[in-house]
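Presented sequentially are two complexes of chain A, the first with chain B as partner and the second with chain C.
Right after this comes the complex of A and B.
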């Protein structure tokens, strides 16, 4: 068997041994937090959920990379991790703004983050289609499905010869918005949970008032949220390997592996993030 | 009411700055061939097509712009702490960040082009001299406007993130929006002008980029001139709309319905964009029609 022939079977499905090891690492991280930083146990679980939301969300984002820039494949002409990070960070911007308002609960903060990420993707996906349609004269066509699962539009006859499709069919557009919303919600959840921990613990650590240390808490939580966002987005991008059209793409089915991987990575990174306030 | 009016004014100004930033970012990346189509510039000499296109893509635009904007935002923040006037601080910090971009551009071009020496692709010293300064000028506009926008968000709208953190967030978002919107126009419409308009580039044509301009060999400055007509403005509108709508819905509706007002406004905006997208998708299918074979078209 050649390496090329072996590749597709090796890249699908879940590796049971690796998954069990991953789950053991998650349990270990939670147990360490329960012993040394019991006050941050709920926050760590929130961080893990945020991480897997990001990893799941990245799989919805239609990304075509360099081939999309030539109209050779559908999707947005940039990298998976970068686009998902852009959307998620825009969501984090909105979520952090809402979190600064003491009147707002966690539901509003997370929703604000989700809508921020979804808005970036909605605008970007529309402008991508405008450039394809009015700048290059190309209608949207998918190479992965015969019919758009939402609109029922047939795809094959609108595809240029010698390409895998081009532009953003409606299902990819909707997938992009959902991916942006999940990413924004996940990033904001990480930020919000860490902010609660830092805002509660930093005043006694620095022997200062809560108002004085709030900018430090916001900055620390923000930096960790950005870092964990990029970490989870890159992990999911490795799972996707190259391009993906959205939820209708066969590669979308790989998401369970990314969800486990992102949960493990977020558990370890989240543990360090909460332990820095334990002296 | 007065604070809402001030917020709307700041929102409009931030949106305008973001629009300029997006347009400058895309034009800069096209002149430097940093967007995703750069793989074709890298591939061309291997297919036997020697060219004079600049190629500085080492990482994608989002991390590169994240770096430059954050450097500028961080330095400006440090200057402001020492009591410097904010406008002066942002100008000087942006100039310093642009030197980092210039070093990056030069080393990236030399490194990537030198790696193609086995395919007889030369390093053109005149290309380094002429193109690097032009990308630096465009990068300055993009960085300055983005950091100025971030400063407005902190100073006038009271966002809790410090300036350097906002630099990371909006620098990466700027690169993501610019590379997503502008790259197809540069990749398909500029690099492959020999291919039919109204069709994607066949995979078999990869690497066969257009290398000659109206007068002599094409350089990357021609690419900036061409893509500044549509790809740049489209990227600018994209990033400007993102920033404007994100701020506008928050400033105006945050106090409505206990905080849910801004979220409902966001959902409505997303639905409106979705409807517009569906409309133009159907419009394109109706007006361009399905692809037909050449002989059928001429019959």
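Right after this comes the complex of A and C.
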């Protein structure tokens, strides 16, 4: 078989039937949690919000894939899932650090996660542009818009022929940082909500003190957050199918599908994650 | 990113590989219950073999899925497999399932649910319209759960939630206390097996794809990656199981890795030779 039986014909727009079924699945998951794990109801809703934040945030991240490595498309030269995972995990580290301090409330924890994720994307975007401009000698130019929506700089004069643009234009850079912040905040929200559930429930499950079981609670919440983060990031990447420049890219308009999809996936995964302290 | 993926035709049909992978890995996971049944620890190594079975099956699943050019690269498939698999696996280790000897079956059931939902979302809500999407993501979540469960069994000798998170540590002779920190879950060794497993799952097809991809070579690389991941897992197991059982796991992992690596090199040379359509350069014999 040579390349591939059929290129997927990803259609545009929202599939209304599937979206309604998805929302029914979310309601079913919340209802099951309300019956069997009432104490975790708020946490499950937090997990769902975290999931849709991740799905939305991934759409901001400029990803160029292999063509970007050759300077033929704008964005960072790797896959969406890898980049989102990096930003999300960096955010999770920031959020976990803040969550370990009892003086910090949920707002500071989420903010710390958002800053962690945004920081990683800012550093990555900066280094990508240094490599492009000083290493490969090509200016940053978008192929998707005539003028940068933020600075108003025209792009066409700088765009090389036969490419879709190159480097990271200002709008893509800003989009990357916003995406990293949303992803980091979403991942941290999932971690924080699950941590509250486990820290409250594990002591009675093991009949031990809260301080003793804290390592297990942190570890469980952390690995569940990583698992859900990767699920949501890959589902959002499937929605994008490959490359995206940032919020000005036409593909960005597909984000409502990913928001619905990630909320459904997070609802099912979050239900499993809270059931572990019930069964 | 549009990647042209070229996958070979023929070879063993996917359904056959799936049947062998599923049955083989579940049988191996059940063999680790010998530890609980006979109060020994030597059966821990079967967890690693379960992971190898599942990884071979998973590599063939990734090959099927990614032959459709999903546009996100091969590694994303491994990431979603383990992202959903870890959730299914941890729920399946709950003591109520473990005490009924149901954990491996429940890992498959929960993996199928969460993977099926993810596949349905990708196909219908994201509108990818890939015929094998639902089935592939279902299989891959099951594979992720089985691999993680197998590695956990190698490390801890079993997979009860309580056994993974609490350990009796003797202090001052007869006195003992429960410790939660120096355990498989407390030390977050699940994260280590997560990365070891997901790289072993996503690497083989990514490394072998392209013209001249041959099923036996790709699957041999999958087995090699599985045993390679089992080596560090067996090393970690020195902290949790008896030294005899840990050494046994390590020997099996190293021996398995050596055999599959040697076979993979052989197959690579065979395919390189066939691809170049040239004769090998003969070493001059005699005087040098």
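One rule holds for everything that comes next: the second predicted complex is superposed on the first by the 268 of 279 C-alpha atoms of A that agree within 3 Å, B and C clash if a C-alpha of one lies under 4 Å from a C-alpha of the other, contacts with A are read in each partner's own complex, and residues count from 1 in each chain.
We take it that contacts are C-beta pairs under 8 Å (C-beta built on N, C-alpha and C of every residue); 3 or more make two chains touch, one makes a residue touch a chain.
All values reported here derive from a predicted model rather than from experimental measurement.
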| task | State whether chain B and chain C clash or fit side by side on chain A once the two structures are superposed. | result | clash
| said: With both complexes superposed on chain A, which partner does A:66 reach: first (chain B), second (chain C), both or neither? | reply: both
| request: Based on the superposed arrangement, let me know which partner A:118 touches: chain B (first), chain C (second), both, or neither? | output: first
| query | Is A:136 contacted by the first partner chain B, the second partner chain C, both or neither? | reply | first
| task | Considering only the touch criterion stated at the top, classify A:153 as touching first (chain B), second (chain C), both, or neither. | result | first
| request: Could you say whether A:239 touches chain B, chain C, both of them, or neither, answering first, second, both or neither? | output: second
| task | Considering only touches as defined above, state whether A:97 meets chain B (first), chain C (second), both or neither. | result | first
| query | Regarding the shared-chain residue A:260, is it in contact with chain B (first), chain C (second), both, or neither? | reply | second
| request: Examine A:174 and indicate which partner it touches, taking first as chain B and second as chain C; both and neither are also allowed. | output: first
| task | Tell me which region of chain B runs into chain C after superposition, given the options 24-32, 114-122 or 222-230. | result | 114-122
| task | Overlap the chain B and chain C contact sets on chain A and report the shared residues. | result | 65-67, 79, 82, 85, 215, 218-219, 222-223, 226
| query | Contact residues on chain B for chain A in the complex? | reply | 35-40, 60-63, 158-162, 165-166, 168-170, 172-173, 175-177, 179-189, 191-192, 197-206, 230-231, 234-235, 237-238, 241-242, 245-246, 249-250, 254, 258-260, 262-263, 266-267, 269-270, 273-274, 276-278, 280-281, 283-285, 288, 290-291
| task | Going by the contact rule at the top, pick out the chain C residues touching chain A in the complex. | result | 1-9, 67-73, 75-77, 79-80, 82-88, 90-91, 94, 96-97, 110, 113-114, 117-118, 120-122, 124-130, 161-162, 165-166, 178, 180-181, 183, 185-188, 190-191, 194
| chain A to chain C touching residues, read off their complex | 1-13, 15, 17-19, 21-22, 25, 63-67, 79-82, 85, 202, 206, 208, 212-216, 218-220, 222-224, 226-231, 233-235, 237-243, 257-258, 260-261, 264-265, 268-269, 272-273, 275-276, 279
| field | Sites on chain A touched by chain B in the complex | value | 65-72, 76-79, 82-83, 85-87, 89-90, 92-94, 96-101, 103-104, 108, 111-112, 115-116, 118-120, 122-140, 151, 153, 157-166, 168-170, 173-174, 177, 215, 218-219, 222-223, 226
